[in-house]
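The next block holds one structure in the form of C-alpha cells; read it before the comments.
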Amino acid sequence: MTQPIDTSIYIAITEAIRDEAKRLLLEGQVSAVIGYAGARRKGSAQPVIISQAEDAAKLIFSPASVNNLALYLTKAKKEIPKNGKIGIVVKGCDLKAIVGLMGESQLKREELYLIGVPCAGVLASTAQPSTGLTAETIAPKCTECNAHLPAGCDYVPNVQLPAPLQLEEKYIAEITRLEALTPVERWAYWKEQFAKCIKCYACRQVCPFCFCEQCLCDRNKPQMVESTPRPAGNTAWHIVRAMHLAGRCAGCAECERVCPMDIPLNLLNRKMAKELKELYAYEAGFEVNDKGPLSTFDEKDDQSFIK
Amino acid sequence: MSRIGVFVCHCGENISRTVDVERVAAQVGKLPGVAFATDYKYMCSDPGQNLLKKAIIEQKLSHVVVAACSPRMHERTFRKAVESAGINPFLCEMANIREHCSWVHENREEATVKAIEIVGMMVERVKKNRVLPTITVPVTKRSLVIGGGIAGIQAALDIADCGHEVVLVEREPSIGGHMAQLSETFPTLDCSQCIMTPKMVDVANHPKIKLYSYSEIELVEGYIGNFQVTIRKKARSVDEDKCTGCGLCMEKCPIKKIPSKFDCNLGMRTAIYVPFPQAVPNTPVIDRENCTKFKTGKCGLCQKVCGPGAVDYEQEDRLIVEPVGAIVVATGFDLYTINEKPKGSMIKGYGEFGHGKIPDVIDGMTFERLASASGPTGGKILRPSDGKEPKQIVFIQCIGSRAREKGISYCSKVCCMYTAKHTMLYHHKVHDGQAYVFFMDARTPGKSYDEFWRRSIEEEEAVYIRGMVSRLYQKGDKIVVMGSDIAVGVQVEIEADMVVLATAIQPQKGADTLAQKLGISYDKYNFYSEAHAKLRPVECATAGIYLAGACQGPKDIPDTVSQASAAAAKVMTLFAKDQLEREPIVARVREAGCVGCFYCKKVCPYGAVEEKEIRDRQGNLIRVVAYVNPGVCGGCGTCQATCPSKSVELDGYTDEQIVAMIEAL
Amino acid sequence: MHSEKQKHSFEPKIIAFVCTWCTYAGADLAGTSRMQYPSNVRVLKFPCTGRIDPVFILKAFQQGADGVLVSGCHPGDCHYIAGNFHARRRFAAFRKLLEFVGVDLNRLQFSWVSAAEGGKWVEVVTDLTEKVRAMGPMAEFKQLALEEQWSGTIGTPELKEAYNAI
Amino acid sequence: MQSLSRHFTLMSTVQFLIGGILLSIKGCFVKKKKMIISQETMDVDFVRKVEALSGTSVRRCFQCGKCSAGCPMATFMEHPPNRVVRLLQLGQWQRILAGRSIWYCASCETCTTRCPNKVDLTSIMDALRKLSWDAEGASKESYVQLANKLFLQNIRTYGRQYEMRLAAVFNVKSGQFLKDLMLGPKLISKGKLKMFQSKNKNLSEIEKIFTRIEEMRRKGEAL
Amino acid sequence: MKEKLNYSYYPGCSLHASAGEYDLSTRELFKKLKIGLTEVPDWFCCGATPAHNVDELLSLSLCAKNLELADKVEGDLAVACAACFSRLKTTQNVLSESEVKRKQVEKAIDAPVILDSHVKHLLEILARDLGPERLAQSVNKPLSGLKVACYYGCLLTRPTDVPNLDCVEAPTIMEDVLKAVGAETVAWTHRMECCGANFTLSRPGVVIQLTNAILDSAKAAGADCVMVACPLCHGNLDIRQKEIEGVYSVNYNLPVFYLTQLVGLAVGLGPDKLGLAAMMVNPLPLLKEKGLL
C-alpha cells in the first residue's frame, strides 16, 4: 500500500519564494538567488541562479527539488557574482551542509541570505519526477529527516507544514541489519557494492564537503589511494571518503543520489554519524561549531579499545 | 637517480651475533638506487665514521642509511658525519637493527630476514627524504629553575653568576629543601645548615635571581629558547615587600600547637609561621587551614600587631607569566613511609613494622631533626613517646628500597651512608648507648665513603648485623626487633628503645603532574628520565629542559651539586648563542592545495598555525590559507593527519616517506 | 627458561605505527633489556600518534599486513601535549568504520606503551602476533588486490540490458 | 604412591626407620664436605623442577634473611630458610634433603608474606618435600610426611578426614604407641573424636581424581 | 533493608569432627541472623596443609572439585575453617596465574575450574556482607566487660594478595566484629604468630612450645579469653592448654571461643546451641562472672 504524502503546501511555498526573491533582487539586498526551476522533463526541477528580478518567476519548489544547492556556494560558484550577498533556497538538509561549511571557514553567514523551505520530503532518485510523493517514492533520507523546518533562516514562508508521517527509517534499518552480520558477511556485502564503482567521482563532485581543490585520492606522489577503478582502489576510496566525511556529513545523500552504480554511499556516512553521536554526543549540521568531533578531544574520552 | 650508501654495523658482536650482517649488506646492495653497501665492526667509532665519509666522497653518494642501533642513540652522530662529508644531514637515516632486531630475537635466520626488511624500508624512505635547511630561532636568555633545594640553589647561583637572569620557583614558603633539615653530612660530618644557609642568603641577595617562594608551576608553553611559564604565586597572606621579618606576629599567634612539617612533626609551630628560623625569604605565611581568622573570622591578632601592616587576609593566588629560554627541574625527593597505603597503590607499607603506629619507630629524616642542634630537642636524641634517651637503638636499612614486593626495586643509594653517620652521631651523643644496624649490603662507593662506614664499626662501635628484620612490635616500653644474622644462621632478637628506619627515596608527590606540564618523560616510579643514561645525563629528551638532583634518581649531596652545576653549564651553553638552531622537523603548508578549512589550526597543540591572506597584485583578497610558524611548531604532525587534502606536510615525516616505507613491506 | 622455538606454518606480517617518544623508546628498552618477542613486527616511527593518518592503516592492510598495531604515549604523557588525544578520537572512529566494512578488529590493535614499558611492548607485540597467527592471513585485502575488474553481479535489468548490448 | 598410601604395612614402617637412619648418616657426611662448585655439581635440573612446582624463582632471592628472621620454626632447623634458598641457588639440594629443615616448616606463610622479592618460600618448601619423598622415600625426619600421607590416604578412602583413625594409625606407624594417650578418651567424651563415621556418597569421584593424577604422572604429563 | 543474604556452606572435615561446636554455633548463629546457609552436598576434604605439603597437584584438584560442587549451590561460598578458606583461595589464585597447572587440574577433575566464584570466610560475611551496623542491631546481650584476645593465626590473611581478607600484617576484621557485639579487644603481640597446627600429630613438642608463647602473650595483655576462627588453632590453644600448663607450670585458664560462639552469645543464643560444653577449658565460670550467662 502506498501512503501518499501531502505536498500541497509546495504551491504556496513556490509563490512565497518567488515574491521574496523578487523583493531581494529589486531592493538590491542580494546580487543573485540560487533556487530551483522547472526543467524539460515533466515535473522535474533543476538548480538555477537568477540575478534579475523578472527571472524570479522561474523559481519553483516541488518534490523534484532534490539538489543540495549549497554546492553552488562553494565548488560550483563560477556563475555566481563575486560581490554582494547571495540568496539561496534551502531545505533543512541542505542547511545542515551550509552550517557545516561555515564551521570550516568556507562560507560566511553575513554573505548569505537564507530562504528556508518547510519541506515534507522530496522524491527518491529512482522515482520518476512526475510521480506523486508517497511512502515509497520518497527519498530514503527524508524518512529520517529531523529538520523539516529549517532553523535560523532569514526568511521562511509562512505555511503550515502537515505533521510528518511516521515512515520506516531506511538507513537505520539497514545499518542495524549490517551490524548484525559477521565481519566476513559484511565484507562480502561491501565488496559487492564497491566492485560496482567505476570511479566516476560523481559522489565527490556533488558533495558539498568535498571542497578540496586537490583531492588526496588524486595525488600520485605518493599515491595514497589507487586511482584506477579496480576493486582494491575502489574500496580504499570509499573508506577514505567516509572517514573524511565523519563528523561533517549531515546526510544530504546527494552522493548516493548521483551514483550511477547505485552504491549505498550514504549508509557509510550515516554509520559514522551514528558512531560519533554515540561516542561524543555530536550531531553535525545544527550549529556552527568551531571544532568538529574529530578536531577536538576530551581527556576522558573512551579508550576501552586501547590496551 | 639517487645513489644510496648503506652501512651495516656489527656493533661489536651486539648485532652480528644474531644478524648475518654481511648477508644484509649484500642483499640490500641489490636494491635499486643503492650504489654502495658495506658492513663494519663499529660504525659509530672514528674509523667507522671515516669509512662513511670516505664512501660518500668516493662513491658520490646522495643518501645514506646506517643500519645499526636505535636512532635515539646515534642519529645525531651519523647526521653530523654525513654533513661533514657534504651531504645534508636529513638525507641520512638509521635502520634500527639492534634494539628492534638483534637484541630481541634469537633465531639468526629470522633476525637476518627482519634486518634486511628493516634496512630495505629505510632505503625506500631515504629516497624520498628532502634536503632540509636548519631553522634558527631566537633565545630568551633567562632561565627557570623549579625547586629551591640544594640542587635548584646551586643551579640558580651558577647560571646567575654567569650573568643570566634566573627565575627560581619553590613550592614551600622557604627555599632550602631537605638539606636544610639535615644535622650533619657524610663523610665529613660538617653541619648541614652551616654550609647551606649562606647559599640560601646568596640566592636572596643575588641581583639576577628572582625568587618565587610558596609558588607552583601552573602552565608551560613554548619550546626551547622560548618558553612561556605561568607561575601560581599562592596567597601567603603576608605582603613580602612590607614584611620586615620581625617575627612579632608569630610570637602573638595564639595557635601554637601545629605539628611542624620541617621538624618531622616532632616540634610545633604557629598558624602564621616561617618553617625554620633561617628561612629565605624570612617572610611568614599564614596556614589558612589552621588559622582562627580564616576558620571563624575572629582573631586577627597578627594583623593588629604587625607594624608595617604586612598581614593581608584578602590576598589571593596570583598568576604570573615569565618568558624563559631554558628550564632546570630540581624538584627533589620525598621519603617512603611505612604507613598503610591506599588499596591499589603500587607502593605498600610495612604492616609487619606496625604501619607507622609505634611511636618510637622513626625514619631517618626524623632522626636528623633529633640530632640537629637547631632541632626540636636541641640536638639531644630523645624518644618521641616519652622523651627518654634511648640506650639500645636499632637501625634498619633498605626499608622500601630493594623490595619489589613493597613496590620499589631500586636502591636508594644514600641510606647506607647516612645510617653509618647516624650511628656515629648517636654514639657521640649517647656515650653509654649501643647502636645496632640490620643491613643486607653496605653500599659505599664514593670518595672516603667506605672508610667512613668502617669507622662507624671500628671506632664508634656500631654493631652491624647482616640480615633483615621480620617484625617489630611494642612490648611494654620496648620495641622487640625480630631479626636474623645470616652469617651465623640464627635468629636475633633485640629489645630496643628506639628503631630508625632507612626508608626509601621517592620522587616528590605530584612529580608526574609537573612532568606532564613540562612534556618530559618519567619512569614508573615518577623519576624524571634523562635523554641518555650515560651521555646526556642532565638533559631531558625535551629540548631546553634539564634535570638536577634527586628528581632524576636517588642522589647524595655531592652528586646533586655536581649535577646541578652540570645542568647550569648546559643552560649556559644554550645561552652562549643568540640564535638557536633547531631540528627542521616542522610542518609546512602547500599553499596551492590549501582550501583554508583550518582543521590544522583546530588541532595544533602549539597554536602554530596562522591564517594567511593571499592577495592579487591589486591587493584583492583571493583566499585565506594556513601558515605554520616554524618557530612555534613542535613537529607532532597532527595537522597533517587531519588535513583532508594533505596540504600541510611535516618535514622529515612526509606522506611520501611513510608510504614508501609501507610499500617496501 | 628457554622454550623450544616452535615452527609455525603461518608467519603473520605485523606493522606497528609507533610514536618516537614513548613506544619507540619502549621498544628500545625491550631491546636493551634483551627481552624476546616474535620477529614478525616491522616498526614505523612517527613523531607522534597524532601524525598517524588512518590511510596508513588502510595502506598497510593493502600492502599485505595481517595485523596492524598503533601505539603511543599514555594520555597525559604526550610529548606534543595532546597529539595522542586527537589520535584516540580519530582511531576510535576509524576502527568503527573498518568494522562496518567487514574488517575483523582483532587484527587492529591500539595501545599505550610508555618509554618505561619495555615489558608491555613485548606483551602487546607478542599477543597481537599470536592472535593474528591464530586467525590466519588477512585474506580480504589480498584477494581484492588480485581482482582486476568488476566482480559484482549484474543485478538490475538496466545493467543486464547494457551488458547484453556490448 | 598408590602402594605407599594403600598398603602401608609394618614392613614399610621398618624400611622407613632404617632408611631414615641411613640417610642421617649420609647427611652428616655431606654436611662436612667442602662445597666443590662447578657446572657439574650445581644441579640445575633439580632447581628447575623446584621452580616449576613452586611457581617461583629462586634466583630472585638476595639473601636478606627476612624469612629466617620471622620463621617460627627457624630455631629447629639446621639450615634456616634463607640458607635453604641459598643452597638451591647453588644447586646443592642434597645438602637440604640430608637435613631436617624442610620437615620443620610449618607452612605458616610468614616468609612468603614478608619476602621483599616475592619468593614464595612456602611453595618451595612444599616442592622440596615432594621431591625429597619421590627421590629418597621416607626419611628419619619425615614424620610429618608420614602424617601427611596418611591424611591423604584417609581422603582417598573416606573422602573426608577422620581424626581418630588418623591419630591411631599415625601412632602405630611411627612407633609412638603411647603418644597423646591421655588426650584420646577425653576428646571422645567431649564428642571431639568420632569413632565411626558414614562415608561420603561421592567416593567414586575422589578415587577418579587420584587415579587420573597417577596416570598423568605415569605418562609424564605432570610432576 | 538490604536483600536477604544467602550462602552455600563448606564446613570442612574438622567441623564434622573435633570442631563440632564450631559447626553447631555457625548454623545456629546464621539461623538467628536470618542468613541462608546451604551445605554443599557431598563435599570432599580440601586436603588442608598435608595435601599441598606432599602433593600440590592433588591439593589443587581437591579444592577445584569442591569449588565445582559448591558452584551448583546458589550464593557465595561460606567457609568456616581458616585452612579450608586458605586452600580454596590459594587454588583460585594459583590456577588463575598458571595455565599449565590449570590444565593439569582440569584433566584431573575432568571439569573446568571455577575461578571467579566468591569464597568467603565467616568473618567476611559478618564484618562486610552483613556489616557491623546490622550485626549490632541483632545484639541483645552485649559482651561488655569481656576482654578478648583475637587470634588470627597464619592462614586467614597470609600470604599477600591471596586471601585478601584484610591487611595481611595488621588486620582488624576480628576486632571489628567483636566491637559490633560490644566486647572489648586487647592489643597483644602474638595474634598472628604460628601455633604449629601442621605438627599437631607429628611433633607435639613443637606445638606446645609455640602455643605456649601465644597463650603467654594473650595472658600478659590482660585477656579473659581468646577468640579464633579456625578449628586447628582451636585444637592447639584449647585442647592442649592443660598439657601446656603442666609442662610450663603455669596457669592460663583462658577459654578459647570460636568466632561464632562469641557472636552467638551476644545475639542471645544459649550454651547448648553454641556447644560450650565441648570446650576443654570450661568457659562457664568466666561467662558467669561477667554476667553473660
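We just call them A, B, C, D and E in the order they show up, numbering each chain from 1.
Keep this in mind: contacts are C-beta pairs under 8 Å (C-beta built on N, C-alpha and C of every residue); 3 or more make two chains touch, one makes a residue touch a chain.
All of these numbers come straight from a predicted model, not from anything done at the bench.
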item: Fewest touching-chain hops separating chain A from chain E; value: 2
item: Intersection of the contact lists for chain A and chain B; value: C
item: Chain at maximum distance from chain A, centres defined as averaged CA atoms; value: D
item: Pair sharing more residue contacts (C-beta pairs) when B-C is set against B-D; value: B-C
item: Gap in Å, rounded to a whole number, between the CA centres of chain D and chain A; value: 80
item: Intercentroid distance (Cα basis), chain E paired with chain B, Å; value: 50
item: Centre-of-Cα separation between chain E and chain D, whole angstrom; value: 25
item: Between chain D and chain C, distance of the C-alpha-averaged centres to the nearest whole Å; value: 52
item: Shared interface positions of chain E, touching two or more other chains; value: 160, 168-169
item: Chain A: positions in contact with at least two other chains; value: 216, 224, 294-296
item: Residues of chain B whose C-beta touches two or more other chains; value: 352, 405, 603, 642, 655, 659
item: Touch relationships between chains, expressed as pairs; value: A-B, A-C, B-C, B-D, B-E, D-E
item: Partner chain B, residues of chain A touching it in the complex; value: 104-106, 211-216, 219, 221-224, 244, 290-292, 294-296
item: Touching residues on chain C, where the partner in the complex is chain B; value: 5, 13, 15, 20-22, 24-25, 27-28, 30-32, 34-37, 39, 42-48, 50-54, 56, 59-60, 63-65, 76-83, 86-87, 90, 114-117, 122
item: Complex contacts: residues of chain B adjacent to chain D; value: 352, 398, 402-406, 440, 466-471, 482-486, 489-492
item: Chain D partner contacts - residues on chain E that touch it in the complex; value: 13-14, 16-20, 42, 44-45, 47-58, 61-62, 65, 94, 97-98, 101, 104, 107-110, 154-155, 158-160, 168-169, 193-194, 196-199, 201-204, 206, 210, 239, 243, 277-280
item: Residue ranges of chain B touching chain C (in the complex, touch as defined); value: 70-73, 96, 98-101, 103-107, 110-111, 113-114, 117-118, 121, 516, 519, 521-524, 529, 541-542, 585, 603, 605-606, 634-638, 640-642, 650, 652-653, 655, 658-659, 661-663, 665
